[in-house]
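Look at the two complexes coming up: chain A is in both, with chain B in one and chain C in the other.
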Partner chain A sequence: MTDPGGGAPSPDAYPVALRRRVGALGWWRSRTVRRCAFGYALLAPAVLYVALLVGVPFLFSLYLAVSNATVGDPVAEFVGLANFRAALESTTFYVALRNTVVFTVGAGVLKALLGTGLAFLLAQPFVGRRLVRGLVVIPFTLPIAISVLGWKWMFDSQFSVINWALSRLGLTGPYGSPDWPVWLGEPYLALLSVMFVNVWRGFPFSAIVLLAGLTSVPPEVIDSARVDGAGFFQRFRRIIVPMIAPILFIGTAFDTVFTLSDLSIVYLLTNGGPDGATEILPTLAYNTGIRAGALGRGAAISLFLFPLLAPAMVLLLRTLRRRQW
Partner chain B sequence: MPFVVIAVFPVFWMAVTAVKQEPDLYRMDVVPFWFHLPPTWKNFDLLFTRTSYRDWIVNTLEVALWVSAITLLAAVPAGYALARLRLPFAENLGIGIFMTYLVPAIILFIPLARVVSLLGLQDRWWSLVVIYPTFTIPFCTWLLMGFFKTVPFEIEEAAMVDGCGQFGALVRVVLPVSVPGLVTAVIFSFTLSMQDFLYSLAFISVSDQKPVPLGVATELIRGDVFFWGSLMAGALLVGVPVAIVYNLFLDRFIAGITGAAVR
Partner chain C sequence: MSASRPPAPSAPLGRREFLRTSAVGAAGGALMAMLDARRVPAQTRGTSLRILMWSHFVPAYDAWLDDFARKWGEKNGVRVRIDHIPHLELPARFAAEFAAGAGHDLIQFAGQIFTGQYHRHLVDLSDIAAALEKKYGKWMENAKSAAQVKGAWYGIPDFYIAIPVLWRRDLFAAVGLGEPQTWEDLRKAARLLKPRGHPTGMQFSHCNDANHNWRALLYCFGAKETDPSGEQIELDSQETREALRFAKALFDEGMTPEVFSWDDASDNRFLASGVGCWIHDAISAFRTTQDTNPRVFEHTYVVPEVAGPGGFKWNVGEPNVWAIWKFSKNPQAARDFIVYLADHQREAMEASRGYNMPFLSGHYRKPMPGLGNEPKLAVLQEQYKITAFFGFPGPMSPPAQEVLTTFLIPDMFTRVARGASIEDAMKWGLGEIRRVYAKHKAG
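Now for the complex of A and B:
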């Protein structure tokens, strides 16, 4: 085994006590310095990889956003804020921005509500709980693109199984009638459908994160609150929520980031249609930057996501820094 | 229980669709939840004979394999260093690495498109091998860091007393007892790679280089013609195993994320 201390003789050669004495000779030999050098050497591959392929591209996207780079033409000129201005002047952008916010907030609230409900249900002991848990998390564990394809078929304009059920129940008219919902073909319905799929995929995650929090609260605390006369909602709001707040923050941050940046649901279900009704910033950035090849424009659009992401990331950062190591 | 129905129904419906005969899919006059013509394997056949599905599976596996290897090589030493060596700035570095997991693909994919073309990897699955570790390394470093913290110091000390260097102690003693952690890291490299859609969509447009999710989503829809049966068959054939494995390791995933808050 070679020693990482750079040319130092193999430690195998010395008994421990002797090694210590030798180590006291020079600063390089001091254990702390060697340990640190060794540590940073071990960290280097991961840090470099991430710096080169996340850090550098991120800075590069800032540069692209102020250039007129295109896919075909590698030579780019500085164009200042023209890309941002162009984005702000197009109506599509505003629609996409509005949809992104509605989508993220609306779906987020629904996921939180459903997730909370499910978490409390799963916190009760009952027969077959493991099985139920395994089944309800399926939406989250299926690769997203794959489950979205299933939904696309379920939302089919003519052979939708949902419509079959609804019309049999008498809630909607038969095929061809005006109250036959064309899920992905009508503006509001399409936005709703897209949100629904996001909620379907995300609520198990909220539930499981919350459940992990709930099980970390010692039951004695809850019991003593109950003895003191705290009702269910009071216990939830005053005791459980503050105690598991860090977990909630992290869960929320993750979910927000994933929701904001996910393009596959909209791309595969509607590709922004009908008529831009479900266009969100990610799809707009993809269609502008890659499809149409205007890298600079696309980069500028995707950077508009950053202010939306920032709160989630700050929240996460603060939570992480406050914990003890 | 409505939760279970909502969660499972789409999968059930996909499975039924995958083995239904074509005419049976388009009958709205009968209860669609079951078969009115005998089930068939024709959709799977079509997948393997008329599309590059076999290539997609091979690509997916190869990508996942390489990504796992790269991830382990980078994340194991990093996780160990952060957990054990009491480095100055370890905390900030650790948080920094973890935060990069949250820099979303949607901000990075455009500059990365340039990187991919600089490397000459457009339209090749190798581009994904290069890109996927950008999210698997941060996550697995974090995961392994938590794991290494649970390995008792004493066994390491004992190894060093017995004449191993710090590195020797890591390789000979710490890694063997950390096999469950390493397996978890590999599993997540696999499953997180499978969850991606954006990168493969942006970087690969040649049929025989696609991974399964992209291939199924783009090649089985021709204009307005949907091959629903084969689409569902191809999606489930890969989706179900991934979901099962992910399911088994879900607690580790959540612990990896939330452990950050409670540990």
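Now for the complex of A and C:
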């Protein structure tokens, strides 16, 4: 009994007993197993990539965090939770923790609001829309060091173009007067400034993600809702958001990770100063672990990002999975 | 009778002793011969040498050094490549190279000194240090800890950056003041000149300048970071309190809040713009003013340092130290290059326009290149006598380095300037500093 096409007989063509034997001996030949194996083979590079580039460094940082490793002596002794205790004993750590939360939540909310607004604007038909869509992503595509140095100049205490413009418009006093803004010098202004640069750089990304979602919503659904009398906010809340929720969740997850672990903006603008006003966990970890050479304590500080990030990610991904199933 | 007798003076050398003596003699002889010949031995020919260092604040110096290294390489058959990167990125690069066990052959610690952290993985350069001292005079005592660990040299100090006072003679004269001699003179000038639109400024922020400027004030007021061994913290003193009190008054009377946002170059621009009446910074600010604002430059003068109330005068320099990884593929060429550069220290000083200050006393022969021929800068020719480094009077140890890189001392001053009480700032700062030292002591 061979199949009409020739070649190997199909297992379905055998009598039941023989089929059982074939099944017992060649289970791996079954279509399901082969499909599974093929699927895992396709997945393997991604899993390997995550394991090597995320898993291994994460495990290594766990090892460092419970050791007294220094930059010159990475093979070190086990010190238990001493590095975590050392971080918790430092007042600078609490300032950095507070700033990290404010920075991440504040910048995240602003990026969501501005990104949504921009996405709706870019979704409207207008002349030059393609060009504008290309231009708005420039902040996100520029090398971060270059764009942040540009902002550093714009926030300069003496030559800030923003201040000179504000002063010319009569909104602030002249250079040297008490109401001349010192963007990176006043504690709250400094934190706002670094958040602003993060928002400036990140909200085009939010807008593009949202725009991708918006374009996937069938126009007839929106038109029907409009005919039924739904206003803009009702359409947005009841139709658009539920339909593009998976994209929104993924975008939020990415943005939260990027913001929480953003070292460059703060490092280049203020290096955590003045007096810790802009210190965040990544800068504190870097200055302690790399610049001061205390790798163990630096790793412990950076691991405090994990409990901050993990619940948010679990919540987002669980919500996403529920919606998918 | 089993008692051993001491060897007679004429006893023949043992095999090991003979080999050790021969090796030391041969190495020393070769080094001295090389120093005299100013030429590297034949075994480095056809090799390559990779150097990692900072981007110098005087760009012309980098150009000179690149050319200098290229010519040395051509002469000796060594392909030389120098990578200049911003000084703040160096620590991460060192850590990455060390973790990988590969990278540059010759590295330079700039401002932040990692000799203590990495010494087990650096080549012992004691022979070069001794040979250079023999040739060019004594090493500066305060600088030895930048390169030495337990008496052995794991680095060779290249140069340090002096941080003098740069002041405007015309503005001082306008309020009836002459050359400042003390911190009190500087405070008075700032107090009188701020209302005229010419405040002063020192960084209350997280940058290198903040670290060395406030340390200079501390040391001039007689305060000490640690004892000479570097084991005991000695900041909890009346002198520290007086320095903080003075800083608060100096800020209130003579500065504007912009100093809270300054980076290392802000005060250079502040002086060059014609606004600042004085700043406390390296002579790169002097050169910037020379290049960008000749009118202001005409009235800008230099004082090596001003004295505190007890007459103490300590300038805080930034050391730059060469080191060679043990995993270097070409340690011999790296050693040869250090020696060759040390032999051309005077050319290097000239190329840096007086910015690079030497560590060896013999190089202070007047007139010093880059300084001696410029009347305004000639006052810096005895800077070695008043130069200290972070951790003073203790060594530049790993805990002192951590206190430096986490900006604890500038932050103490910032808190006081912003209105915190001196006792609160001291309590916070000392708590953090004690925690750092305790962690290092615990290992």
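In the analysis below, the second predicted complex is superposed on the first by the 257 of 325 C-alpha atoms of A that agree within 3 Å, B and C clash if a C-alpha of one lies under 4 Å from a C-alpha of the other, contacts with A are read in each partner's own complex, and residues count from 1 in each chain.
The working rule: a residue touches a chain if its C-beta (ideal position, glycine included) is under 8 Å from a C-beta of that chain, and two chains touch if they have at least 3 such contacts.
This structure is a prediction, so every number in the text was calculated from the model and none was measured.
By the document's definition of touching, of the two partners only chain B reaches A:254; chain C does not. Once the two complexes are overlaid on the shared chain, A:116 sits clear of chain B and of chain C alike. In the superposition on chain A, A:153 makes contact with chain B only, not with chain C. Residue contacts after overlaying the shared chain place A:290 against chain B and chain C alike. Residue contacts after overlaying the shared chain place A:302 against chain B, while chain C stays out of touching range.
The partner that reaches more residues of chain A, of the two candidates chain B and chain C, is B.
Once chain A of one complex is fitted onto chain A of the other, the partner contacts of A:70 are limited to chain C, with no touch recorded for chain B.
Taken together, the two complexes place residues 71, 158-159, 286, 290, 295 of chain A in contact with chain B and also with chain C. Of all residues in chain A, only 1-4, 10-12, 16, 35-36, 38-40, 42-43, 45-47, 49-50, 53-58, 60-61, 64, 69, 71, 114, 118, 121, 132, 134-151, 153-154, 158-159, 161, 164, 175, 200, 204, 208-209, 212-213, 216, 246-247, 249-251, 253-254, 257-258, 260-264, 267-268, 281-282, 285-286, 289-290, 295, 298-299, 302-303, 305-306, 309, 312-313, 316-317, 319-321, 323, 325 touch chain B in the complex they form.
By the touch criterion given at the top, residues 68, 70-74, 77, 82, 86, 89-92, 152, 155-159, 176, 180, 182-186, 190, 270-276, 286-288, 290-295, 297 of chain A touch chain C in their complex.
Within the complex, the chain C residues that touch chain A are 91-92, 94-95, 98-99, 112, 114, 116-121, 197, 199, 204-207, 210, 256-263, 266, 269-270, 273, 275, 398, 401-402, 405-407, 410-411, 414-415, 418, 428, 431-432, 435, 439-440, 442-443.
By the touch criterion stated above, chain B contacts chain A in their complex at residues 3-4, 6-8, 10-11, 13-14, 17, 25-26, 28, 32-33, 70, 73-75, 77-78, 80-82, 85-88, 90-91, 93, 95, 97-100, 102-115, 130-131, 133-134, 137-138, 141, 161, 163-168, 171, 191, 194-195, 197-198, 201-202, 213-214, 216-217, 226, 228, 231-232, 235-236, 238-239, 242-244, 246-247, 250, 254-255, 257-258, 260-263.
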